[in-house]
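Have a look at these structures, which come just after this line.
There are two complexes below, and they share chain A, which is joined by chain B in the first and by chain C in the second.
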Partner chain A sequence: MSADQFVQYFISGLTMGSIYAIVGLGFTIIYAVTRIINFAQGEFVMLGGMLSFYLIKSAGIPLAPALILSVLITVVIGAIMYLLAIRTARHASVVSLIIITIGAAVFFRGIAGEIFPWGVDIVRPPYFTGSQSIAFLGAYVHPQAFWIIGTTVVVMILLHLFLTYTMVGKALKACAISPVSASMVGINPRTMALIAFTLAAALGGISGVVMAPLTLMSYSSGFMLGLKGFVAASIGGFKSPVATVIGGFTLGIVESLAVGIDWGPFTSAYKDVIAMTVLLLILLIRSGRLAEEERMS
Partner chain B sequence: MKKYLMWALTLTLVLSLLAIGGIGCEEEGEEEPTPTPEVTATPVKEAYKVGAILDLSGPCSNLGIPEERTAEMMADQVNAAGGINGHPLEVIIYDTEGDSTKSVTLVTKLIEEDEVLAIIGPSRSGSSGAVIDTVTTSEIPIVSLAAARSIVVPVEERYWVFKTPQTEYEIIPEIYTYLQSADITDVAIISDTGGFGVAGRTLCNDLADDYGITIVDDQTFADADTSMISQMTHIKGENPQAVVCWSTDKGSAIVAQDMKTLQMDDVLLFMSHGVANKAFVQAGGEAVEGVIIPAGKLLAADEVPADDPQKEVLVSYRDDYEAIYGAGSIDTFGGHCYDGLSWVIMALEEMPEGLTLADARAFIRDAIEDMGTFIGTGGVYNITAEDHLGLGTGNVYMYEIVNGEWVWFK
Partner chain C sequence: MLRVEKAFVSYGRVTALREASLVVNDGELVTLIGANGAGKSTLLNAISGVVRLKSGDIWLDDRRLSGLPSHKTIRLGLGYVPEGRRIFGDMSVRDNLTLGSYFECARNPLSALLYVGWFLRRPSVQSNLETVFRLFPILKERQKQKAGSLSGGEQQMLAIARALMASPQILLLDEPSLGLAPTLVKDILKLLVRLRDEGLTILLVEQDANAALKIADRGYVMERGMITIEGTARELLGDDRVRQAYLGKTVA
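Showing the complex of A and B:
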């Protein structure tokens, strides 16, 4: 692997890692506040991407408003999903609620394959700023990749500011630390859950609209994207947004570098094996440390 | 009063039934039976039932949808023309969702519950392989619409199995012949890890020596991967003159895009016949410009020379399909279904009346095998007991994508 190639692999990993990180954040926020693992998270990404294509191509709306509108529609869908499917079943066990989210995911996928005029074909919304790749430190980078990485960084900073400096953000954090104590001081956990779902849908929608031009989108893309985000979130332990972001980037970069490493028979066919092995190692080390922490307390 | 009315109604019903029956017998359906409310959908003879298991959803739904449309269109055409020897044709279509296990379940359902005479499908190579055991033990003919050669080979174990699409064995030699004529020796392969990708990748490697080609790099990606930059970076490092990409729509479109991103402009890009559809070109946009694809002649129906035996069938199928589903909607996958269902219909036309279900199934199998030369959309087929596909070379054109259109270069 030459130095130029290393930079190329690294930037590619960074791009994919950004996507995994932002999808993972959606998992983390909902889990922290409600203890639900939302398996429809990947579908929010798919909806964001598909809606942006629909609004630009079929409805003829200009790029920027179409992107914002796609995210807003995804947010509304996320809120409706919470109000109709999760809140009405709030007395059920967490496992039942998780299964409800799987049902919601299947529902979104089915609807997306039916309502759009192109049916089940793959689509590609237009690139934000053309397709002429840019030479950067010996590597070539697609302009859309800069958009993906840039958007992720901005979203992470905004999310951090929101959670640290706003009242609602602090209430969300409180709810994550202890729902019982939070409700004692007057925080309504149901409102917080609604906000968590809305935020997660927004994160999904945003990642969907920025990635779709580069990664393409079809009605069935959501599941695998959700899975990668889930992996990022589990590396982060579903607790801390920062750890989730690190998890996402780790997964992306390891996946990408694994292609470049030629260990005799280990070709790119093994890249997922290598990525999953790293994940298992991280989880093993983490669970060991968690057990230790529990013993200490 | 009420009783009288009932009697009158019953009498009318019986009379009209007799009348319709009479018309059907005497005039062999030349005249459309007058629709009478009391006797709607009373078939003259029992319907011939053919099953179809297609990928209407899931990763290969872009294959299944045109296949479904073609099957429905053909059934309507046959029934509008009075059915097959007076028997209406009923095509029972189920969705495999691209899943092998589901395909097996649906095949069993078609055989045992629906009691169909023959089966069309599945659309994917993996699912087609999975149902071979079931159709063989149940003794029912199946015409697969999937690409891999292993579906009909070894033929001793594929007594009941036929297929219509070209396999990698018809396509890759065409690519390699072209490369040889262009003095290209250094080739890199990139393929997906699904059944289709693996089959193409294996053959690309196996045939390379015969055509004086060196495989300088051999990369793979998973079905769901969303970026191939890493694989293409690796390939770029090996300096190939051409890249052969063996996958379906999404992966192939990303490979083309990422090659452009890495500015590998002087490297030729060849792809499989698996992407010979409109959605690929539309989604690929400017990134797939210049991609070279060998595929059936259907995409160039207008340009096919008039003395080509396929000319007539290509144009008529294309015109029929696009009249219903819109101009430019044609692709080769619907054509595979057209060929397969045509075989079954031809067999049904020859079938004598009054066979038991098992005998009818065996008759259809034998009739397809003994059909002789069949001119279809996928090529000129010569099915024999030794070859259940029956395609030679020369049924494929090389296309280049120029301005979003398939352009046949002669």
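Showing the complex of A and C:
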């Protein structure tokens, strides 16, 4: 691989990695506050992307308002999902709640394949600022890639500021430490759970609208995206946002570089295999560590 | 005034409280003593809403606490220092105290989105923080430290301080002396007397019956989920049954 090629693949890895990171953050936030692993996280991304295409192409809404509206609708869907499917099952165990999220994911996928006029076809919403590639360190970078990386980085910074410097952020953190302790200072853990789902849906929706023009989107795209975010989050142990972000970028870059290397019979079709291999390795290492932690406590 | 009327609590088939009743008048320091497993913590948990009553009622003045979850009872004027302190170990001392005033955010949800520094500058929050730092100068010194890195005594002070940040009408404490060195226990009890003298109403659950009765105005003795003896602290200190069972003294 030449240096130019390396830069090319590296930047494309950063682009996908930033998406994985932000999807992973959605997993981490919900897990920290509720101990639920939300398997509908990838569907939020899909919904964001599909809604933006629908609003721009079918409803004829201008780009910027359409993007914002897509994210808002996804947020509302996330909140409704929590209120209808999770909150009502109040005495259910965490495992049951996780299974409910799988059900919600299947539901979103099914609905998305039915209600949009293009059915199960793959769609591509318009680029934000054209498709004239920009020369960058010997590589050619699509402007949408800059939009993806830029938006996700800004969102991560905003999220960090929100969680660190506002009262809600502190309350979410308190709830992550212990919902019972949090309720003893007047924090309602269920309100915090609603906020966590809303934030996660926002993260999903935002990543969906910025990535869809470049990566394309269909009703079934959510599953793989969710899985990649899941890998990023599990690198961070579902606890550390920083480790999740690092995990997401690492996964994106490893995937992209691996595709760039000439493996002979192995082609880019095996890209997803890498993520799954990483996941298996993490789960193998972690399950040992988890068992150890359990024995300790 | 806190009134507990025939509180009944069971966990599955195990009955933890059998129609326990007690009253804490405004400005009183009342102690609840009894052996391990007598139901003292369950009673405090029931008052604060952590566990639910099967039957009975709990009132704080004219506000009904029974049936409310704990985040609501806290907002109605209850300060709870639970067993094991339950401070947020990964957060700074200052953040722990700030969260003590979180009920303000419940009253005014938009303030929850504020930058914490601005929230702390609200007059009510700021005056509470000053009061708490006056009572516990050590917490002011350590406000940037992680709460988990404090010593046991300091963590207990932090738990009490955090409860005071909500300007409670009544403070419930569940064995604040647990695991502390005797001198620290003395400090904590002295502090409770001081808070009472400043007008705070206190309900104290304590293992060390002798120490608790020495500072309390009145006391209740709990056995197997029931209140079996009640009276002024002086009466209880002189009561033969109490002396024998809880003060480790043989009756002449």
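Some notes on this structure:
The criterion applied here is as follows: the second predicted complex is superposed on the first by the 259 of 297 C-alpha atoms of A that agree within 3 Å, B and C clash if a C-alpha of one lies under 4 Å from a C-alpha of the other, contacts with A are read in each partner's own complex, and residues count from 1 in each chain.
FYI, a residue touches a chain if its C-beta (ideal position, glycine included) is under 8 Å from a C-beta of that chain, and two chains touch if they have at least 3 such contacts.
Keep in mind the model is a prediction, meaning the values are calculated, not measured.
In the superposition on chain A, contact of A:Met276 is made with neither chain B nor chain C. Once chain A of one complex is fitted onto chain A of the other, the partner contacts of A:Ile68 are absent, as it touches neither chain B nor chain C. The wider contact with chain A, measured as residues touched, comes from B rather than the other of chain B and chain C. In the superposition on chain A, contact is made by A:Tyr165 with chain C only, not with chain B. By the touch criterion defined above, A:Ser181 lies against chain C but remains apart from chain B after alignment on the C-alpha atoms of chain A. Comparing the two interfaces of chain A, the one with chain B and the one with chain C have no residue in common.
Interface residues of chain B, counted against chain A in their complex, comprise 57-59, 61-62, 65, 193, 218-222, 224, 226-227, 229-231, 233-234, 237, 249-250, 253-254, 257-258, 260-263, 279-280, 282-287. Listing the residues of chain A that touch chain B in their complex gives 1-2, 5, 8-9, 12-13, 15-16, 19, 110, 113, 118-124, 131, 133, 140-142, 211, 214-216, 218, 220-221, 223-225, 255-257, 259-260, 267-269, 271-272.
On chain A, the positions that touch chain C within their shared complex are 165-168, 170-171, 173-174, 177-178, 180-189. Only residues 48, 50, 69-71, 74-75, 80, 82, 86-91, 95, 98-100, 102-103, 105-106, 111-117, 119, 162, 166 of chain C touch chain A when the two sit together in their complex.
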